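Take this structure first; my questions come after.
Chain nomenclature is as follows: A, B, C, D and E, assigned in order of appearance, with residue numbering initiated at 1 for each chain independently.
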Amino acid sequence: MGDGTILIDVDGVSKSFGDLRAVDQVSFQVAEGQIFGIAGPNGSGKSTLFNIVTGIPFRPDSGKVRFAGREIQGLRGHEIAQAGLARTFQRETSFDSLSVFENALLGVTYGLGQRGAAARRDAVAEALAFTGFSDADFDLPAAALSVYQRKCLMLASALAMQPRMLLLDEPASSLTRPEIETTITLIRQIAARGVTILLIEHVLALLLTLSEHLLVLNQGQILAEGTPDEVVKNPLVIEAYLGRRKQAAA
Amino acid sequence: MTAPAEGVPAAAAPEGGSLTLEVEGLVSGYGRVTILHGVSLDMQAGHNIGLFGPNGHGKTTLLRTVSGLLRARSGRVRFQGRDITNAKPRQIVALGLIHVAQGNQIFPDLTIQEALKLGAYTPRARAAEAANQERIYEIFPRLKERRRQQIRTLSGGERQMASIGVGLMGDPKALILDEPTLGLAPRIKEELAAAIRTISDAGMPLVVVEQDVEFLMELTDQLYMINHGEVAAQIRPGEQIDHEEIMAMYFGTGGNVGETVL
Amino acid sequence: MTGAGFRMPSWMPLEGRELAAMAAGLLLLVLLPLVVTDSYTRHLIILVFIYAIVASSWDLSLGYAGIFNFGHLALFAIGLYTYGLATKFGDINGWAAIPLSGITAMIAAAIVTVPILRLKGIYIILVTFAFSQLVLQLVVSQSDWTGGTLGMTGVSSLKLPGHNFIRDGKIGYYYTALVLLAANILFLRVFVRSALGLSVVALRDNEEYAVSRGISLARQRLLTMVASAMFTGMAGGLYGAYVRNASIEAFGVGLLTLILSMVLLGGTATIYGSLLAGFVLVFLDEVMIDLGAWRPITIALLIILVMLVYPGGLYGGIRALAVRLARRNGP
Amino acid sequence: MNAAFEIVISGLFSGSLYAMMAVGLALIWTTIGVFNFGQGVFATLCAYITWQLVDAAGFGLPLFVSIILALAVMAVIGWLFQLALVRPFIGQPNIVLTVVITTLAAFTILENVTLLTWGPRPKQLPPLIPGNADVLGFGIAAHQLTIIVITPLILAAVWLFLNRTRTGLALRAVSQNEDASLLAGLNVPMMYALAFALSAVLAGLAGVFFGGLKFMSPTMGTEPLVKALVVVIFGGVANLTGPILAAYLIAFFEAVATYFIGFYWTPALLFLVLIVTLMVRPEGLLTGRSRRLT
Amino acid sequence: DDKVVKIGVLAALTGPNAADGQETVRGVQMAVEEANAAGGIAGYTFEVVEGDVKDHSAGAVTSAVERLLADEDVHFMLTGYASLTNFEIETMAEAEMPYMLAATSQQTRDIIAPDPDKYWCCWSLTPSFDAYETDVTPFVEALAKAGKIDLPNKTVAIVSSDNAYSKTISEGMKKKFTDSGWTITVDELVPFGEVSDWRPIISKIRQNPPDLVINTDYIPGNAATFLNQFLEDPTNSLVFLQYAPSVPEFVELTGEKSTGIVYNLLGGVIDSPKWPRGPELLKKFEDKYGTKSGAYGVGLYEMTNIYFDALQKVGDPTDHEAIGKAIGETDKKVAEGRLKFDPKTHLAIQGDDYIPITFFQIQSGNRVLISPTQFATGDFQLPPWMTKK
């Protein structure tokens, strides 16, 4: 699907906490429309990478991030979001004192979404329907949702922003198989709309199925990169991340 | 599947008969809503049980009721023959039934070290504190590296390790794990399974809730499927079960067997 | 019922039911003086109105936005002194001085927002409190103008040709205060139900998530603070016109406690709660006037009781009751 | 030299009083995550109870016996306080604000109860140690010297208890995650009770210090409370070290500023400095994680 | 005969100044009970209604005033002090309600002086405070002349608090002292409120010991702390404290320490056998309530009686204007001296033959009136910490 043009170009970004280099000189490029997977052992710096790319809650210590030809590493979090990068969080989050509808509405209002109340409402309704909510759910308080629904809502509000790029942090963690299946289909459909996707996941069923290109981090540095098939065969990756049996399975 | 039979010290089954944990017609819920409509399950001494089933159908609620966080509206819970229905959590912990809760939200402002120390709060646990800490640092070297780091700043997986660690510090006679692999990378997941298995074989029965059925079947041999707050199906120990059957049951709740089974 | 969003008319986020209720309430208060004829009771109601404006505006920053702005009363005081100085030395007409009070308060709010932009939770308490202390110090030290700790007397009353605000049985101030209150509540309700209002709540619920949805913390915080200052400052001006003097008691603990009690007893993030609690507190205080020290004790006990039974405050409590009644009368 | 000495003494003395008030407040905040506005009236109450016990018009007991008894009473009051005003709201979304108002209300109640019981006329406690002491040839009231000396000891004890004992650890953990605490076998209600009893005792002790220092009135608790709030927040609420340090820092700042630029502009200057500091260090003087408030 | 006149008292029944408030109400109560016991006045008996001014905030005072005004049986109001600004005088004038107060006189004068006739309602027991500002200097110099103290270099340290009362007085004092050729070694203004540690200021004073130390911060607690800390290491200076030592408990709480302290009072009760009404009323008050009266107890008692006299004269309590004027014509020996009002300011006239400024020294637990001589009950004695060649 990707037409090859580079949408985001991450160039040697680093982030340290004290003497811990959580992300260390990481560079990669993602083509428009691509689904780009990021894997790596726990604490290898995946979420931190998301954090510094989106500027939430902090910026990189060094390095550049070029998004659609524009340097964004200096921008504030909300500016980056408005530039078209929408992210989800590893722990399912929501605005608990707002309704499902309002949660998604915020995405439209402050993202790239349409102007005009009517258009906004339709966009929200569309995004919610797309992620599997029925009209009946719109007035539910977000606090009352189950784990899976929260993940969906988080996705809906991200989509409502009409982003050019979507950063998903472990969308499948703690989901059941059927739910994982649905999520896979969902992400495929999003990509089909031409939205570029950056994907962190430990559930290989989802990661390996979806990723067109896979990046493996270890200790904040790039350990391996390539197509999923190449990467899962890479002994370094097996050693650091997959472990013996998974590799056999893969 | 590794058969449980050998290596299980029969002595581990105390006077209360050969049942480690016994749940009878348990009913509980939150506020007005009832979640559990009479769940019963038996845990044979020396066997580990696994719970699975769709999200939001009461697995966690069941565990919370067993460990005293939620009041049982009716029904009984016995642990090693003792009736612990609606006992205070700290009494249950004192008996050695330790519950590692779902979601890795333990003590955000404490360091890993402090949290582990707190895990060994009961006099029972204090005795074995040093040994347990060693063991945990073996299973999760990462925790040792980061022992002075605030838990809120840990990565998702690291936090999960920490909360399992805190549970093990309680020197459990029996261990309840609610979705222990949440957010864990494949390899550490494997190692966790292996480690827990070893500990468990040395006489620490397990109750495990897990979405990853493979992982579940590695650890346990007696499976219950919780659906709509009831036991929808179960597989007794020793009973020959094949993978596909389980999957079928599992997907019984909708969704079809995807082509992407590893 | 489905999608609240779908029922929002695009020009205004308030729902029909709420508007109707508002109108009804307003009508009630407009007609009230026909029944309440003695000037003392009217005086008490005027105070309730003025306090309610201050409290409900505070509810915006404190309740909705979760900004722990403990300098809110300073904004009121700034309005008060603006009115005093403007009318006494700038001999500006009182009717012009009240909006002016609003403006100065808004400017002050904008200024105090700068240092709290990066701050979280309780650290905001300290800065805003410090801010109010600085304002107090400023007022006290400029005694040539403000009268320092003596306060200012001879602040001029509101004037209308052919109407004497002082000997009219308080009817003039009653309606002036009522108009300001109505405008204030309408403004606040529209604010909180608008997209801007939602974004403010979102920031309170989960800052990082909100920012990731393109919401600017700095901008919304500034807007909230300034909005909460607008009517607060004007209320200060009206208060000055009404009591015709300005003294540093406006910074005092007594007033702070009263207003805070109104916000929390009424129920945070409700706007209406403050007015409700205002009536309750002021009139309770009145009926128990002869109990001396037992009066504050009883009122305090009552506050605690309400919080225990209805952590959502009086407004929440009344809603709960309404729901229960509805259930009982329903099938 | 003379001046320098006076400034040091002044700093140590005020610092001790601030710290004494602040540490109780900080204790509640770091453990339970709420502000107890009752802290001020705890001081008032304890001073009056002690007066009742020690004064000839009261029971005329020896001072130190009276203090011990009064502190015991404070512990009970603190426990009741959390039982009625804090415990019921644990786990609610805006507990911080709710507790602000409930404790403020309790403040009003106890203040007026004091007014009704002991009347509005000023009273005074005997000094801990009467007479003047002589330090390096300078005179200083023995009472104040005592305060300067014992306060750090008490603070150190509290600090060690909280940071070096398992109970202290539990105390800090319990409000971070009540379920997890229960599952670790903690006696949660006991922990809350302990935290409040302890901080009530500390505030009470501060009250006894004040009572021997200035005239007691039912409203004597307000100013120390406000000061303590400033100190605690400025010090950073992650732990006790911050507030304690802040207390002495602020006191020394005031002493120096008062001496050189005069009493009048010192508060203003102090507040300016506080604001600027927080702009540079948004998480308080000693940076540490601030608690989530909502 | 059941014709009842209600007398409205504005007082702080709750809050930080409840002590003064209580004393105020008791003073009025005492007068009213007497009058009623004596069968009333002009055929009327009396009833006290209180208006709680709480923390003296404008809102609270307005409420209290409005509340009393709303009661049409109230025909007279009085207070020790109600609001910070005395703005309620305006309200009383508009409501044509006879009103007496004993609050700081400066604001009263500022309000009334521009148009005295408009304010026929309102009269102040407190005389002009000018004497507070001007009379300390001659008093001290007189002591020196009499050889009771040395003034080697005519230096004075003046500490004040930033409140209406203290600040005005200290400003005036400074002017007077400099005009009389004194040098001011320390001039400190502390923010209004509690001062827990005076040390930095006292150490400044000690830098070069002055002949005279003045603190006009009237808050008793502050004054006591100041005294204690000064005495930790006293300089050879006379210590003058404004107002605080007149508070009954001051002496008993500071004990021996206060011996030697000098203070003065304007419109205070003259506690001297040479002015019998003073001691008599003080005793009456203490016998009745078991606590000593400060300025307000006896003061309000006298004010109430002034009203009774006016009523006696007019006969009709509802003729407010007549009552107001009658009060204005008062010329009577009261506990504070001879009371006569200045028609231009409606303040009591000040002076040795009217309301005198009385100087006291505390001598081993007793307040000794040492000036003016016609009331003096004793002589000045050198404070224990001072020396003299």
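Following the convention adopted for this analysis, contacts are C-beta pairs under 8 Å (C-beta built on N, C-alpha and C of every residue); 3 or more make two chains touch, one makes a residue touch a chain.
Because the structure is predicted, anything quoted here is derived from the model rather than measured.
Peer 1: Which chains make contact with chain C and with chain E at once?
Peer 2: Chains touching both chain C and chain E: D.
Peer 1: Shared touching chains for chain A and chain B?
Peer 2: Expected: no chain.
Peer 1: From chain C, how many touching-chain steps at minimum until you land on chain D?
Peer 2: The distance in steps between these two chains is 1.
Peer 1: When contacts are scored as defined above, which chain pair ends up with more C-beta pairs, B-D or D-E?
Peer 2: The comparison resolves to D-E.
Peer 1: Take the average of all CA coordinates in chain D, do the same for chain E, and state the distance between these two points in whole angstrom.
Peer 2: About 36 Å separates the centre of chain D from that of chain E.
Peer 1: Would you kindly tell me how far, in whole Å, the mean C-alpha position of chain D lies from that of chain A?
Peer 2: A distance of 48 Å separates the two centres.
Peer 1: So the centre of each chain is just the mean of its C-alpha atoms; given that, what is the distance between chain A and chain C in Å?
Peer 2: Distance between chain centres: 43 Å.
Peer 1: Which integer distance in Å separates the CA centroid of chain B from that of chain C?
Peer 2: 52
Peer 1: At least two other chains touched by the same residue of chain D: list those residues.
Peer 2: As it turns out, chain D has residues touching two or more other chains at 112, 115, 264, 267, 291.
Peer 1: Touching at least two other chains at once: which residues of chain C meet that condition?
Peer 2: Chain C, residues with two or more chain partners: 137, 204-205, 253, 293, 296.
Peer 1: For chain E, what residues touch not just one other chain but two or more?
Peer 2: 14-15, 18, 162, 191 - these are the residues of chain E that touch more than one other chain.
Peer 1: Of all possible chain pairs, which ones touch?
Peer 2: Final set of chain pairs in contact is A-B, A-C, B-D, C-D, C-E, D-E.
Peer 1: Under the stated contact criterion, what part of chain B meets chain D in this complex?
Peer 2: Chain B reaches chain D through residues 67-69, 89-90, 93-94, 98-101, 105-110, 114-115, 117-119, 121-122, 125, 150, 152, 163, 166-167, 170.
Peer 1: Which chain D residues qualify as touching chain B in the complex?
Peer 2: 166, 169-170, 172-173, 176-177, 179-180, 182-187, 238, 289, 291
Peer 1: Per the contact definition, I'd like the list of chain A residues that touch chain C in the complex.
Peer 2: It comes out as residues 54, 56-57, 76-79, 81-82, 86-87, 89, 93-99, 101-102, 105-107, 109-111, 116-118, 121, 124-125, 135-136, 138-139, 157-158, 161.
Peer 1: Where on chain D does chain C make contact in their complex?
Peer 2: 35, 84-85, 88-89, 92, 94, 97-98, 100-102, 104-106, 108-109, 111-113, 115-116, 222, 229-230, 233-234, 237, 264-265, 267-268, 271-272, 274-275, 278-279, 282-284, 290-294
Peer 1: Note which residues of chain B are touching chain A in the complex, please.
Peer 2: 54-56, 103, 142, 146, 153-158, 160-161, 179, 182-191, 211, 213, 247, 250-251, 253-256, 258, 260-262
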